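Just so it is clear, A, B, C, D and E label the chains in written order, and each chain counts residues from 1 on its own.
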Amino acid sequence: QDSNYVPLLTYRTGPYAGSGIHIANGMHDYLKMLNERDGGIGGVKLALEECETGYDAQKGVECYEATKGKGALVYNPYSTGITLQLIPKAGVDKIPVLSMGYGLSAAADGTTFPWIFNVPDTYWDGASVVIKYIGEQEGGLENLKGKKIGYIFLDAGYGREPIPLLEQLAEKYGFELLQYPVPGAEMQNQSSQWLNVRRDRPDYMVMWGWGAMNPTAIKEAVKIRYPMDKFIGVWWSAGDDDAAAGGQDAKGYKALNFSGVGREFGALDDIQKHVIDAGLSTTDPETIGGTLYNRGVLNSVIIAEGIRTAQELTGKKAITGEDMRLGLEALNLDEARLKELGLEGFAHPMKVTCEDHAGGHPVFIQEWDGQEWQQASGWIEPMTDVVRPLLEAAAKEYAEKNAPWPERTEPCPN
Amino acid sequence: MNAFVADKALAPAGEPESAEREVLLRVDNVSLAFGGVKAITDISFDIRKGEIRAIIGPNGAGKTSMLNVINGFYHPQQGTITWQGKVRRKMKPYEAASRGIARTFQNVALFKGMTTLDNIMSGRSLKMHRNFFWQLLWRGPAEREEIEHRKKVEDIIDFLEIQAIRKTPVGRLPYGLQKRVELGRALAMEPDLLLLDEPMAGMNLEEKEDMSRFIIDVNQEFGTTIALIEHDMGVVMDLSDRVVVLDYGKKIADGPPEEVQASQAVIDAYLGVSH
Amino acid sequence: MFYREAGQFKTSYKSDQALFPILQDRIGMIAILLIAFVLVPAFANDFFLTSIMIPFLVFSLAAIGLNVLTGYCGQLSLGTGAFMGVGAYAAYKLTSIFPDANVIVMVLVSGVFSAAIGAVFGLPSLRIKGLYLAVTTLAAQFFLEWCFIRIPWLYNYNASGAIEVPHREMLGVVITGAEATPIARYFAVLSITALIAYLMANVLRGRFGRSWMMIRDMDIAAELMGIRPLRTKLMAFAVSSYICGVAGAMMVFFWLSAAEPSSFNIRLSFQILFMVILGGLGSLGGAFMGAAFIWILPVFLKFIPGIMGFNVAAETVQHATFMIVGALIIFFLIAEPHGFARLWQIAKQKLRVWPFPY
Amino acid sequence: MLYDIFIDPFVQMYQMPDFFLQVLWEGFVAGILYALIALGFVLIFKASGVFNFAQGIMVVFAALTLVGLHENGVPAFLALILTIAVMGVLAYGVERVVMRPLVNQPDIILLMATIGLTYFLVGFGEFVFGGEPKRMITEELGLPTGSTAFEMGERGLVILQHIDIAAAVIAVIMVTALGIFFNKTRIGRALRAVADDHQAALSVGISLNQIWAIVWFAAGLVALATGIMWGARSDVSFALEIVAFKALPVLILGGFTSIPGAIVGGLIIGFGEKIGELYWGGLVGGGIESWLAYIIALVFLLFRPQGLFGERIIERI
Amino acid sequence: MALLDMEQPGSQSAAEPAEEILSVNNIEVIYDHVILVLKGVSLTVPKGGIVALLGANGAGKTTTLKAVSNLLGAERGEVTKGKIIFEGEEVQALSPNDLVRRGCIQVMEGRHCFGHLSIEENLLTGAYTRKDGYSAVKADLELVYEYFPRLRERRQSQAGYTSGGEQQMCAIGRALMSRPKMILLDEPSMGLAPQLVEEIFEIVRKLNQNEGVSFLLAEQNTNVALKYATYGYILESGRIVLDGEAKALRENEDVKEFYLGVGGEGRRSFRNVKHYKRRKRWLA
């Protein structure tokens, strides 16, 4: 075997295609660029295969089953639903799952979930950053007391994931958490939710949306004249198309982000040169540098670095899923390395450890200026002190509920 | 004459004149209207045990509606129906069926997706009782019951001479055979009163003769009381014991066929001159 | 000529009423069972088992369930997905409440819950008919889906809102959970599907099957023959939902091993309805054929370009699959509105008269 | 608890009249938009007895074609005209390929065929236009985009979107036109005849082919109007297809065959759904909109099995 | 068979081919790709003639008529052999709509009224293909009501709720509304009161004599059919077994016994039918 096989579970069709396409393009183009520019990683080409899931759990599992036998190194399901299905399988098939900034928050506990990675952050990290940021705006977290924070979310595993943390923080800081679930089927029909928002007049709105839910929500917010600068989305509500739907009126809308804004990065130029200009991709060149495209690129950077690290650790060129896990657990994407990759400032340096598969890395806030996204804050550290214990408890609970949950075979070195 | 007919008590030997026989069903002052349309106005008549009672009248006279009233599909606004001596409350069609009233329909109402055999078997629904769990197992009691009833049904099939189409889906049968199957299905219910709505419409002479034969056999050897709607006067005159004539919801004559045929009112309203 | 009943005389009603009165059919059935129980497990790889055979069997069972209601009793339902969901959630709750009970038994029991719920949603069928009823079954679909999301008790308050299948063994073999081998899961699914299909074949040829078909073909006439419409329809709803419930439980326990509420959404309902209609309304064999077509064809289409060595983008394949499946559905409906089951019958008819055209 | 159910909502309505008015307005708008989708269904059902499941995707398809053409540099109004032409071609194609060979088949078969058509159009639409959401070209088409706020009391505010008003006007015009078409013209009568009995309609010389092409084209136009209105509210994407399900309760409530029924049903559902969700939904955790419409429709159906204005289901033997 | 064939070959059909409005040549019809129903049926209807098509249940009368009006497609049937010519044009190439426009309309067996339309609307759909203006249609509507006064009474009722006979009248009236040149009547007398049966056939005669409308009628009521028809065909299991002038058919012994019910000694009573299977001589 003289290649490393990386299946990409993507969705360019279905109701979530709007977000999925950019991610898929970013992931694909970066890895493709490595093949073209460097002849792969460590001298071994990457065998890429996209499998269309349509954001559908059944199809996702089907893709998994169809590709795992070909020596898949890692899976990126890009759907919390699919991730949940793959979590128990990963350990059995010994193929890591990389759910970058989504999936099961508890999976950050590497002792319980040795095969699952959610660098750079879990949803709980993200939610804590949002609250922290709101606190800053209000002049300190203690000022949150008595405030109302609305939480509008896609009513699925994905949107509900942060609720336990938000509830805990609400208790801790004394703000009131108002929930506005948006059923998947009603993504484009949110007038009731926003009417409720209008009635409740929350001081801030936090959004966990995906796909067509995002632009609709932003339009509705504009419609009810909700102050946009008090409206903050998670990193998945940060697409260019999402905010563009509100146009000028959406000015001030904010979202979390952990991957670079814009296209002034060497790696992106290489993509343009080796992939786009060579006609090896279907990507619309204008979308390069978009939030979600860059997110996809970052995802592939982590994959590539994981492979590279694994090659270094094992001395093999063509690696296996097990090697890949070792690589990911030893992932250390520091500033120097980012620079080397032509991605200086593209992301906060990240480091994965055996215990902590997420890392709780800092995140920043970006703001829509009516035309495009602008970075609006420095890197904000998540409240790891709150998040981490919650994660560990959740991981334990998961293991108990799914008893007998397999023990980690080789304990973490410490 | 065959197993099926011999199976049940034969009609009483010395047939009394139909007028003296016991009343099986009595309709008293029944009126039925649909919105503004009066389908039946204040009609009374009776059906006696063992007779063939014909109901005739021009189109839209209310004959079919009358049958619908009798077996509970329509509920008359006024009037009562006495069945076997008891005044019947408003009841559902399936109750009428369980009390022994079976019928055929003017527009064939067979179960189109089923075979002839299944259609006739369906007439035995009320008589089969094995519960769901026996049905699941099939072997044993459920199967025995099925076979037992299948035998009865086969007798009917023999009787109606439709062996050849036993396994044919009825939707594909020509009209005449469908009518015959429908009769078989009604017979399978072993009813006390059999209501036939134009059983011979759309048949040629030969088939009408066959059908007449079946009706007479059922009536005579099986003792089943029959109410018959038919537009073929030859058939009505030859088969029926008594005839009731409706005209736009009203009763205009009631009596033995010859009498009715001679009545001027009937000739004007229904028969026309040539008959 | 090849397919002939001639010379096979039935000497008793018993043999005439057997499931497969014709010798060729019996041989065929035995062959299919042999393949399913022996050949497939012996030669199939994991992908074939987990992504083709197991879902195929699960969907076949669900299609049988819907067929009881729609094909046999004539009540069009668009709520199948939700009824499957009820089964899945019930099985999940049962296994977590009774951790030591045999999981197969739990799966079979879970159907009882969806039967009960199915019967409740069947109540309006007394008054509401045809397409109107179909649309009201959507009420069941959306309401139940909402329940799966909003009643955390159903998913044991898991943060993810999803249900995850626990690890269970039977006779020392792991049959559910991630460690269960595809073979073990395949056998579980196959046995349950075969058993229920057999039992349903019994019911459908007996008095219940007949009374359902009577309601389907002409409900008024059925009522005049002594069938109680409500009771009969509710029975059909219950039996159908039971089977769908078991199928739903199997879907999660033996195939997906975890499920979100959206796994039981309206698309699933449609998928099953397709199987039933393309397979042939009112035919058990048709349910299998329909499931094979609707499930296996897209999987197959997806891999054709790869096999043939073309490099086609995944989404193009997906688009093409949609178009091809859509077009084939229309094509088959036009070719034979009564489904594969009828095509099969016609084929047999042709074989019977072969070599003459008719 | 009882207080929350029976008293509190009304107190709220009284205390915040501006909000209540806004809710009513949103209900009205939602109702109109549902009615627009339902109208497409009614058209085809009335004229052929076919329950056209593809109406939802036709809405998306029409809107995508419009926007897609515009994105490729076609001026807005030319794009509109071209889209109308595309819908015409689609209507002709559907008639030719789907409806004609399936004449006289049972309802459920035709229903399935339209679902098959849905699959096809989803695949085809995504193939041609891609899956990204697109922005509706509201302004370019000369539709109003602003909003007007009416102040009420001190803090009260009722906001009306101009596009919603336009939607209501368009809906009323379409309903009136179609109503007249169906009930007062020769073709209208023929359409209803076709819905009753394909074969008999053929036998009296009604040309099903022609009629179906007309009707599908009309449904295509309704779909286009619907697509523009819905697209203006959110974006044009395939997720919109799901919204079509919301038209179904409207449809059964109003009756499959009634054009005014679509509007009345739409309004009942729109009002019921918004009021229910906003004043009672919170009691059970919200999000009840996804099924409330169905339950409202179901309750009405129990009293009138053919819907409010539907034709009586003929039961006769 | 040849014996009864009164029509001398060459005398009528060959010498004056323009005289026939419809000719069916040796057609074969298959349903569902496997069920062979018509096995070579040929018949002709002269212009201005009334031709009766007789035969037992399932003989294929309805199928023949549907083949002529090209309605088989809707039943998944097809004509696999032979030709049908209506006024010099091949029917298979025309749609049912074209046929109606050209003046050939069918009254379908089993009524087939539009249940949700009122009786009057039903009748008006019959005039769908007409282009001669509302007043002409209106006049014909009056004419139909004249023929069937019962329909006038029920004009506003939904057809689905009218009685069987009323629907039958409605179906016939509807066909008349199209002012056809030729009507294919499938069992017009089914379910009608005796008086009405006579009336309907009188109407047939009137239309035939006054307006020259040709008729092809499938009928079980042989008695009446042969009284009014000029020519008859007898169909058995998909084949024409006997044809001839109506008069000659009425005299035929077999026809008498099996279709007219007059044996040697006058009309038999239905009560005394013998229970045995008789054999038709022509099948021997």
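The definition used in the following text is that a residue touches a chain if its C-beta (ideal position, glycine included) is under 8 Å from a C-beta of that chain, and two chains touch if they have at least 3 such contacts.
For each chain, UniProt lists the protein as follows: B, E = ABC transporter ATP-binding protein; C, D = Branched-chain amino acid ABC transporter permease.
It should be emphasised that the depicted structure is a prediction, and the values quoted were computed from it without experimental measurement.
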What is the touch distance from subunit A to subunit E, in steps?
2
Could you tell me which chains make contact with subunit A and subunit C both?
D
Averaging only over C-alpha atoms, locate the centres of subunit C and subunit D and give their separation in whole Å.
32
From the C-alpha centre of subunit C to that of subunit E, how far is it in Å?
48
Subunit B and subunit C have mean C-alpha positions lying a whole-number Å distance apart equal to 41
Hey, how far is the Cα centre of subunit D from the one of subunit E, in Å?
45
Shared-contact residues (touching 2 or more other chains) in subunit B:
64, 73, 105-107, 109
Subunit D, residues touching no fewer than two other chains:
126, 131, 245, 285, 287, 290, 317
On subunit E, where are the residues touching two or more other chains?
35, 161
Once bound in the complex, which stretches of subunit D touch subunit A?
16, 19, 22-23, 26, 29-30, 126, 130-133, 135, 147, 149, 159, 161, 230, 233-235, 237-243, 245-246, 273-274, 277-278, 281-282, 285-287, 289-290
Report the residues of subunit E in contact with subunit C in the complex, numbered from low to high.
30, 32-36
Of all residues in subunit C, which touch subunit E in the complex?
346, 349-350, 353, 358
Residue numbers of subunit C touching subunit A in their complex, please.
45-47, 50-51, 55, 96, 142, 146, 149, 156, 158-162, 164-167, 177-179, 255-263, 265-267, 299, 302-303, 313-315, 317-319, 322
In the complex, go through subunit B and note every residue touching subunit C.
71, 73, 92-94, 96-98, 102-103, 105, 109-114, 118, 121-123, 125-126, 128, 130, 132, 135-138, 142-143, 146-147, 150-151, 154, 185, 189
